[in-house]
Each structure stands twice: as C-alpha cells, then as structure tokens.
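Chain naming follows the written order as A, B, C and D, and within any one chain the residues start at number 1.
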Amino acid sequence: MILHLKNTISNQDAAKIAAEIKAFHVTSNGTNVLITGSGVKEVPAQISDKVDQFWVFPNDMQLASKSYLPTKREVKIGNVTIGGTTKNTVLIGGPCSVESEEQIRESAKLLVDLGLSTLRGGCYKPRTSPYSFQGMGLDGLKLLAQMREEFGLSVITEARDATHIDEIIEYSDVIQVGAKAMYDQGILRACAKTNKPVLIKRGFGTTLQEFVQAAEFVLSGGNENVILCERGIRTFETGTRFTLDLCGVAWLQEYTNLPIILDPSHAMGYAYGVPVLAKACVAMGIDGLLIEAHRNPKVAKSDASQQLTHQEFTELLNVLRPVAQSVGYQMV
Amino acid sequence: MILHLKNTISNQDAAKIAAEIKAFHVTSNGTNVLITGSGVKEVPAQISDKVDQFWVFPNDMQLASKSYLPTKREVKIGNVTIGGTTKNTVLIGGPCSVESEEQIRESAKLLVDLGLSTLRGGCYKPRTSPYSFQGMGLDGLKLLAQMREEFGLSVITEARDATHIDEIIEYSDVIQVGAKAMYDQGILRACAKTNKPVLIKRGFGTTLQEFVQAAEFVLSGGNENVILCERGIRTFETGTRFTLDLCGVAWLQEYTNLPIILDPSHAMGYAYGVPVLAKACVAMGIDGLLIEAHRNPKVAKSDASQQLTHQEFTELLNVLRPVAQSVGYQMV
Amino acid sequence: MILHLKNTISNQDAAKIAAEIKAFHVTSNGTNVLITGSGVKEVPAQISDKVDQFWVFPNDMQLASKSYLPTKREVKIGNVTIGGTTKNTVLIGGPCSVESEEQIRESAKLLVDLGLSTLRGGCYKPRTSPYSFQGMGLDGLKLLAQMREEFGLSVITEARDATHIDEIIEYSDVIQVGAKAMYDQGILRACAKTNKPVLIKRGFGTTLQEFVQAAEFVLSGGNENVILCERGIRTFETGTRFTLDLCGVAWLQEYTNLPIILDPSHAMGYAYGVPVLAKACVAMGIDGLLIEAHRNPKVAKSDASQQLTHQEFTELLNVLRPVAQSVGYQMV
Amino acid sequence: MILHLKNTISNQDAAKIAAEIKAFHVTSNGTNVLITGSGVKEVPAQISDKVDQFWVFPNDMQLASKSYLPTKREVKIGNVTIGGTTKNTVLIGGPCSVESEEQIRESAKLLVDLGLSTLRGGCYKPRTSPYSFQGMGLDGLKLLAQMREEFGLSVITEARDATHIDEIIEYSDVIQVGAKAMYDQGILRACAKTNKPVLIKRGFGTTLQEFVQAAEFVLSGGNENVILCERGIRTFETGTRFTLDLCGVAWLQEYTNLPIILDPSHAMGYAYGVPVLAKACVAMGIDGLLIEAHRNPKVAKSDASQQLTHQEFTELLNVLRPVAQSVGYQMV
C-alpha cells in the first residue's frame, strides 16, 4: 500500500508514523509518502486521519506501477532528459570494456562527432570465469571521468558487486546495475541513497515482476531516478546469445511508469543482428538504446563478437533516425 | 549436399541418379537439383561428371540456406508478391476462428475496405483440451472459400493434423502449418506435393535449426513456396503468453532465403501489446504480419484476450504505414 | 464437470443426454459417465434428476484427476499389470529404431534372458530433418510383430503422424504417442477408439497441464488405458540433451490418477547419465522405465549417443532392483 | 592450463613465476599449482624446465574438472566428512529463516534427536521484494552460533551480498552462496580467502558450465573446500516452483570432482513433493541434501509452502535410509 500523508504533517512526524507501521518513508515533490508491503489492504486505523490519499496493490509492484503514477517518470542524464513526455530515445554507445585511454577516447570522440551525449564502458566486468579479463577497475573509472571532463559526455558504468559500489556512484553519471547483479541488495540499497540515475538491467533468468521489484528497492529507498533495461533472457534457443523479450517490454510499458532503455547488443550476441534489432526496439517508442561499439571489435577484450565498428555505429544512427521519427520520437 | 546436374541430363536420368545415391530430386527453374544429407561432403565419384555445381553444408539447413541461394525467395499470395526484392509487408487479418458466416464476412469486408488482400481464420483449431471449441471444420473452410469468391481475397487457414490436410490444401490459398503441427510429417509431406504457398509456424519449443528443417521437408519435396512464421516461444516468463523471438528473426534473415511473416498476436496473448509489437516487427523489414482481429473479441470462441477490434486493427494499419516506410517497405 | 448418471438410465438414453448437453459420453465399469468442459460448474437443470454423482473442476484436467478418481489406474501391458496397487516398475528396453531382423531379435533375446516382458523400437521416426534416417515403417512393424510371436513379448512403438496410426494400432501392444506428436488430434482421437494401452510422451515444450489434457482426449473418447511418460523438457541448459522434469513427476503423482513411465534416455541424451538417472526415477516409485539399448550403439542409425550396450542394460537392471525394493516396488 | 611446479621450487619463486605468466597460484598438498586461462594450450617456454606436470583444458572448468583430479574431493563439515570415498549423504535440516531463539532451538533439538549434525537457517534473506521479511541479520547469526555452542551442531547460512560476507564467514561453519548471489565476485573472492567449506548454489538461470566456473573463483583463490548445490532451474513449467535438474547432476558427477548437495525443497516449492524428490536425489549417490523444515510451516515468515513439519522431516529420514543403502550410501 502507498499512502500520501496530509501536507499538515511534518517530515519528522511522517518518519515516526512510518516507523510505527513499519513502512518505508520517502518524500516526493514535497509529499510524505509511506509504503508498506502489498499485503496491507486497509489504511491502519491509528493513522487514518493523517492520510490524504492511498493506493492498494495486488502485488509488490507499487511505486513503479502505473496504477500509482500513470505517467512515465522523467530521468535526466546530464543535459538530456528521457521519459516523461520528451519522446527522446537516447543512444548510448561505447565499448563493452574500458581497455585503455586511447581506446576510450576514440569512443568518446565518435559520440561527440555524432552529436550524442552518453558514453558507456565497463570497468568491473562480471565475468563468469576467474580466468577472463576482469576489467580495469578504478583505473577505468578514472578514464571515464577524464572523458567526461574532456568531452562533456555523461558516463555510465556497471557495479559488479557491493565492494566497489561507492566508487561507481562517485565516478559515474548513471549507475548501471548489471543483469547478474540486479538481485544484489548491497548495490540496490546503496543506489537508493544517491540521486544519480540508476539503470537496472533485467537478469536473464528474471521475471518481469521480479525485475520491477528490484526497482522498488531503489524507489522505496528514496531515489526516483530509475531506468529499466531489458537485455535478453535465457531461453532454449542458442542460435543467438539471449532472447530479447520485446513482449516483456510491451508489458513494462503497459504496467510501469519507468523509462525503458533496451540493449540489443547483449541480447543478440552477434554484431550482424544488432542494427535490425535496434530498429525494432526504436519502433516501440522507447527511451534509449545501449549499443556496444569498439574501434576494432576483433581485438576487444570482451564481447568481441557483438560490438559494432565505429563505422557501423554511425550508419546505425542514420537508419534509426527515420524509424524513431515514424513513431513520433527523436534520437538524441 | 546440394548438386545441380548438368543441363544435358534429362529429368528421368536425374531421377535415376537421385535414386542411386539416395538423394531427393527436385527441379527448380529447369535445373535438376539433388539433395542428400549434409553428412555427404564430397560429390559421389560415380556421378562427378554429371554435376554442374555443388554446395556443402555444416548441417541439414540446405535448400533454405543463404549459402545456397543468397537472395530472398519470392512467394505469391494471390495477387500479392512478397519476398524477393518487393519490399512488401503483407498485413494478414481476420479472426482466430471462423465462427459464422456473418462474423467472417465482416472480417472480409474490413480487409477489403482497408485495401488488404488476405484473410485468416481457423477451422480446425489445435486446442490443448478436448473440452474447448474445436473449430467449424469443413463448414468453416467453405465459408472461407465463399469469402474468396465474394471479395476476391486470398485465404489462409491451418491444418491441425494429417487427417484433413487434403481439405486444407483444396480450400485455402496459403496452407498454414501451426506451431503444434510443424513436426507433423503427414502434413509437411503433403504440402511438399502441392505448389500452394505453405506458411510454417515455429513450434514454441522449437529451435531455429529445427524450424528451418521443417521447411526443408517441403522444399526437398518440390514445393518452393515456403514462408517462415515466428509466433513466440515458450520461456519462463508468464506475464505474456509467449516470447516473440526477434533475435531469432535476425538469425533467420541472416542465414535463410525464405520470406518471414510474424505473428505478434499469439506471442503477446493480450491485445494491448499487439500494436507496439507489430511496429517492432515491421521495423525489421519483414514480409508480412498475421494479426488477429474480431468484430467483438469479448465473445470470441477462442483467443478472446488477444484479438483486436476492427477499429483497433484499422488504426494499427495507419501507424504501421510510416514505420514500414521508414525502413523502405510498404504495407500491402 | 463429470457426471455419473443413475444406473436406471440406459446407455442409449445416456447418449441422448450427452448430445443434449454437448458432453462426452463414456461408460466405465458399467456406469454412464458424461464429461463437459470444466467451465460448467452446476448440473444442468434439465438432467438433475438423472445424475447420481458429479464432480466440478477448476480446469480441464478432469478424468485424469485424483479429485475424480483418487486411486491410481491400472493398465495391463501383455501379462504385466502396472499402476493400481501393483507396485510394479516395468523396464521396457530395446533400440531407438528397428533397423534389421537380426538387430531387433538380439534385443528381444536380451529382454527374454533378463525375464523382461516389453520391447520398444521405433519404425516411424519423427526426425527433425528430412535427410536423416526415417525408420523402416511397415517393415519394421512386421518385425516387431514377429518378435512378439517368437518370444511372447509385448511391443511398443510410436506413431509419427496420423497417416499411419491405423497400422500402429494394429501392430503394437502399446501405442506410443511421441513428444512431437502429442498435440496431434488425428492420433489422439484414433487412440481413443481402441482399448490398447496408450503411452503419451510429454512434449518438450509442453506444460504439465497441457500434457494431462492430451490424456483427456483419449480418456474422454472412451479408452481408459492411458500412461503418461515424462522424457525431458527443453530448457536453457544444453550440456545435456533435455532436462528430465522430476518435479513435474511429483506433481503428476500428486494430482493425476494415471500410471507414469519415465524415459531417462531421451532426457539425458548421453549413455553415461542413464543409469544414475534411472536410479533416481525408480526411487520415486514409478510404474515403468523406457531405456534405449542397442547391440552396438556406435553404429545405431539414430540416437547413437544415448543407447546403452546390452551389457550396460543388464547391469542397469541389477542396480535398479535394490533401489525399487527400497521404496517397496519390484522391477518386472 | 594447470601446471604443477617441480618440488624444488620454493613457494616464493612459484609466486614470482605466477606473476610473470599472469597465473593464479595456490598450494595444494605441498605442491605449487599455477592456473592460467584455458586459452593457454602450451607451457610457456620460459618456465618449461620448472614444470613437473601440466593439464590442458577445452574451457575454463579446470581445477574442478575430473580430467585434472579424477577422484571426488573430500570436504569436512564439522565432524562429518562428505565426498571422497566416504559414501556419506549428509542430511542438512532447518528452517528457511531464523525467526526467533525458540524456533531455531526447536530445529536444533530435532536434528540432535535424529542424530544429525548440520543446521541450516537464513539470516540475510535474498528476497526479491523490499517489502518482504528480510531476515534477522546479525542477530540471527548469533542465534546460530549459540545453537552450535549448545548442541554441537555445525551451521550453514547464506550471504546475500558482499556487505556482510565477513560476518557470514565468521559465524558459520559452511558458507552458503545463494542462487541469486553466485555470480557475486565480492562474495566468491572473500570465500576464496578462508578455508571454511563453501556451498555454492546454482543460479536458476545458470548453465552448468557457468556454475562450475563460480567454483573456480573459489578454488583458484586457494580454498579447496567447495561443494556444489543444485536447487532447481527456471523453466517454462510453473506447476512447480523450479525444475530440479537431475540430468545436470549426472553431468556434474561425470565431469567435476566436487561433492554435490541437492536442495529439493526450493526446486519443488511445495512440501508434498519434497519427500519423493529427496528419494530420487539420494538414489543418485549424492553427498548431501538440504531440506527445509519448520516447527509450524503455516506461520513461517518465508517459504511457508515448501517447509516440512518436524514430523514429516523425521519420517523423511526414515524413508531415505533404505534408499541410500540401496546405492551403497548412508545417511548421516
């Protein structure tokens, strides 16, 4: 249940009430908002005179639900706003991993040349083998920060586990919670305490319901800047790396109020399929795309097969513009 | 292995050679084509002087493979041609089941009013329960034939099992092999002996490789008019009915030479998601869409939740036109 | 809904009543049984005085449901009875495919030597490629019949599609409906009209609910001798061929009244895992096992990797006996 | 590649060599062991005279592989040893969550009364919703420690994320890495630095290969006491909570040298199926079982539906003993 308290009630009193009824307490646009589990179906008697408005839910998808907030939330990434009524589809590009200063600078330049705003690059790679390249770590984060300085780009990078979440929050403009980390409460609870945008990727074995509940961890902790990212689920089909769940995206658009960014690169796993899938994504009227591009994919230290060349990335943007336009959006 | 025999060899001699080496024998554009299993990697010595050209394959995806025929095949559905270089996306509409003359006539009229050409409607429904509505059977087929007469529409309907495949071949313009029937060799081998277009739906538990091999049953039997139809696979996600596998579509576009029609209605299972998914499909540059529409979905005898109203179907066509155009296609 | 009519009502009258209320009509142990869809929750008023007993169901799992018949049904396979209170676990052995008289006779001899009773062997193979070995067809069926004559064995073989179901019913003692054919109403409806036992394999993409509903096609048509066979479902895991769903078996044991035979050979796909999985199956207190064995698996024309040698099969029986005993069953 | 250095080489020199060739370095039974990625197929020339023995691998399953160490590893849990040649199947019982001192003491007493040795109980619950019961945290760990003191039991409990892994290592005898945390390198790397046994649960969307690679994180960091735990994967079937992958267990037994403990409670999700599945598990000759039991499952704060009563747990042990015996094992 979500309860909006009357505006005559102070923040401190709201906090006390929350503690009494074991609810989460956040403030949103000046309103004191209390959130209990969805099992609570009636306003607790002892606070009924303090409640302005309340919402009852069939399950724990509450703050993210359209039945609470029917309009899509807005999130600012640097100078770009997505969601709300903006009709912006942000194209986020960059390599799978930050590998060197030269490499990441070329990526940054590419984006600037194309008029784009947001650079991705992994520093703590959630590899499934200890014997694979694990990322540059803090050195990589510093390179990303340098690119922000030099080029005015926003940067997005991933927390692999809770041991370095503070670094990630410090260095990045958008905190990425990866598919393997999205149940990690150490990460989610830390993200709840900042106001930076948090992009949560759906686990490849995660239901839509669980996915949205991961967002609830951040929202109920007080950070409203949450973006959902579908990046492919694991199915019996192995001809492609994962299966991009666009039925699921239609479901998210119907039932949640959060902006949605799609990642066709990881879903497909092969560069040949990325452009055509990206077109499909953009035609759905989404808020952004994450596309992996590398100056020389063949020598990339991770995800070599799915990264586009810079040439391919440039062409992709050109074919995406009219598709976005055909559904009333623009690529930014 | 596929072998093209020299054009000096008569059809009868080709048939003899095929029998000798236990190969399939078809003629395509005047050429005698022999097909063996992909395990054969070298031209059999005894016929090496009779072979004009040959292709070796890593698996049994042969006639359907782009490495044999790199350009997309053309298929005619009545007056409409799809595939090849046509850049046509045919919108096939109609109800899940033919339920009555009035009902199917309203569907036919809708299509004609919208300038569309092809009517769908199930007569033998592959229900999973014996206690559900099983379709009108032959009476339904006759109603479809009547609509063809009255309105000049092509009709497509589904064979549930081999006991009525002859009826289906007789009455329909496009033979649909449903998701549950696509391993049915009784159906596939019958389809191989006609020249009518065959639309094969992917089973919801079927790999891409197996899917294309179902087409090989028809192609190797001599019918070149095969269309592939992705309609959603079964995954752990149950928020939607199935999961439309657009990564798989990218794979099919890359590796096969067959036209592709998509069915977002069955994948999604809920009308709310059909339009946005249909936009995603069309943006991929596909050859057609199957969309279920019913004059009154609430009382439909099957698939009530996923059928569009006629109003919604009309609006859908309008929003799809610019999307098709944005990728160089037109809706027909 | 299932209705038992009063025993004062004749079979003909029962048939009339069934037609009136659009119900299936079977007789079981002298009782006239009517079955409607599970949507019917109340006894139709016009027949209320003719009904002795009735059962309401939440879904179309009705005749197979323990809430209708709480004890496990008995099925006779030749001289062996399984199910009921027999505590028999029948071990059915034999090759994937009947390949030659010598081959199948060796299999038959092996079974006889081990005191076993039932021989399996495929004649119409549901291969996914037209270029693979498709089985010996009718010639194979005749060889199976010959083995029955010579050795007194029961034989079980599979219908691939409806075009040869009559042959299968004629030649086999147990009709196998394979995983790819289990939605095939041409097969299921034919099986409903015989009294021979029907073993229905679960499709690899089939839910438990749908699986049991396939049995309802046979049961509601009047054949009570139905056996369910779990043989592995398709999941994301590809280290093994399929995933044997023993949670599903626990579910079937809890909710259905049908005997259960398990097929670890197809689930595993590799001979090394068959014995250990077979032990797991037997420990669940099941009614039978289907195990593929071949005199020389390396040269088998199908499923080479998963067939046991005759030596391995013999050893398997020896290790299974104490496991069966430990749960109160015996191998037969 | 795994390399055993000659025993003339000191530990310090081994460490230097490891650094040179960027390998992991552990000592095992007095041998200096170096591990590189499996991409390395030849002994680096500069150290070839220092190598006693080496193993090449097709993938990054190396230290856990039977082709490195063909016999099953032994792991000690308190006074009980599993794996190796012990033929012990340890039955670990206890509630899903530690809820109170009384509750956990009743669990402890039950185990002691049954002659069992190891108590499970969650303190940091990896719930998918922020609004569910999250566990008692450190207070729960202290209660577990108290039970160890009072009853001489070993305790096993789960790390939810890296923020409290130090506590878990301090308070528990076996560190459980849960299904949602098994990619968490913050946890895995911490586990590598202790010598306490680590039980790694397979993620429900995790391949067997990735599962074993999670063990490689711990093994390559120097902790040899790793146990694998299969607890059900997520498939399309929703009649049960997950699908216990016993084909996968056969695969693990064939290819890895690690002890295996199975968790039928989480796989099934319903108490009715736990005993029959447990029998299946034990018949495979496994090293242990994790079974959830609660003094009053109906009021349990988590996993209410799948926990056995103490009475059911007691009966379960009785039916498991003869099954274990039938395959040469004993329940401990």
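Criterion: a residue touches a chain if its C-beta (ideal position, glycine included) is under 8 Å from a C-beta of that chain, and two chains touch if they have at least 3 such contacts.
The structure presented is a predicted model; accordingly, all values stated were derived computationally and were not measured.
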Go through the assembly and pull out the chains touching chain A as well as chain D. B, C
In terms of CA centroid distance, which chain is the most far removed from chain C? A
Based only on mean CA positions, could you tell me how far chain C sits from chain D in angstrom? 37
Approximately how many whole Å separate the CA-defined centres of chain B and chain D? 49
Express in whole angstrom the distance between the two chain centres, defined as the mean CA positions of chain B and chain C. 32
Two or more partner chains touched - positions in chain A: 205, 233-236, 238
Going by the contact rule at the top, pick out the chain A residues touching chain D in the complex. 24, 35-38, 60, 62, 126, 128-132, 160-163, 180-181, 183-187, 203-206, 210, 213-214, 216-217, 220-221, 233-234
Of all residues in chain B, those that touch chain D in their complex: 205, 234-236, 238
Chain D residues within the chain C interface of the complex: 205, 207-209, 232-233, 235-251, 253-254, 267-268, 272-273, 276-277, 279-285, 319, 322-323, 325-327
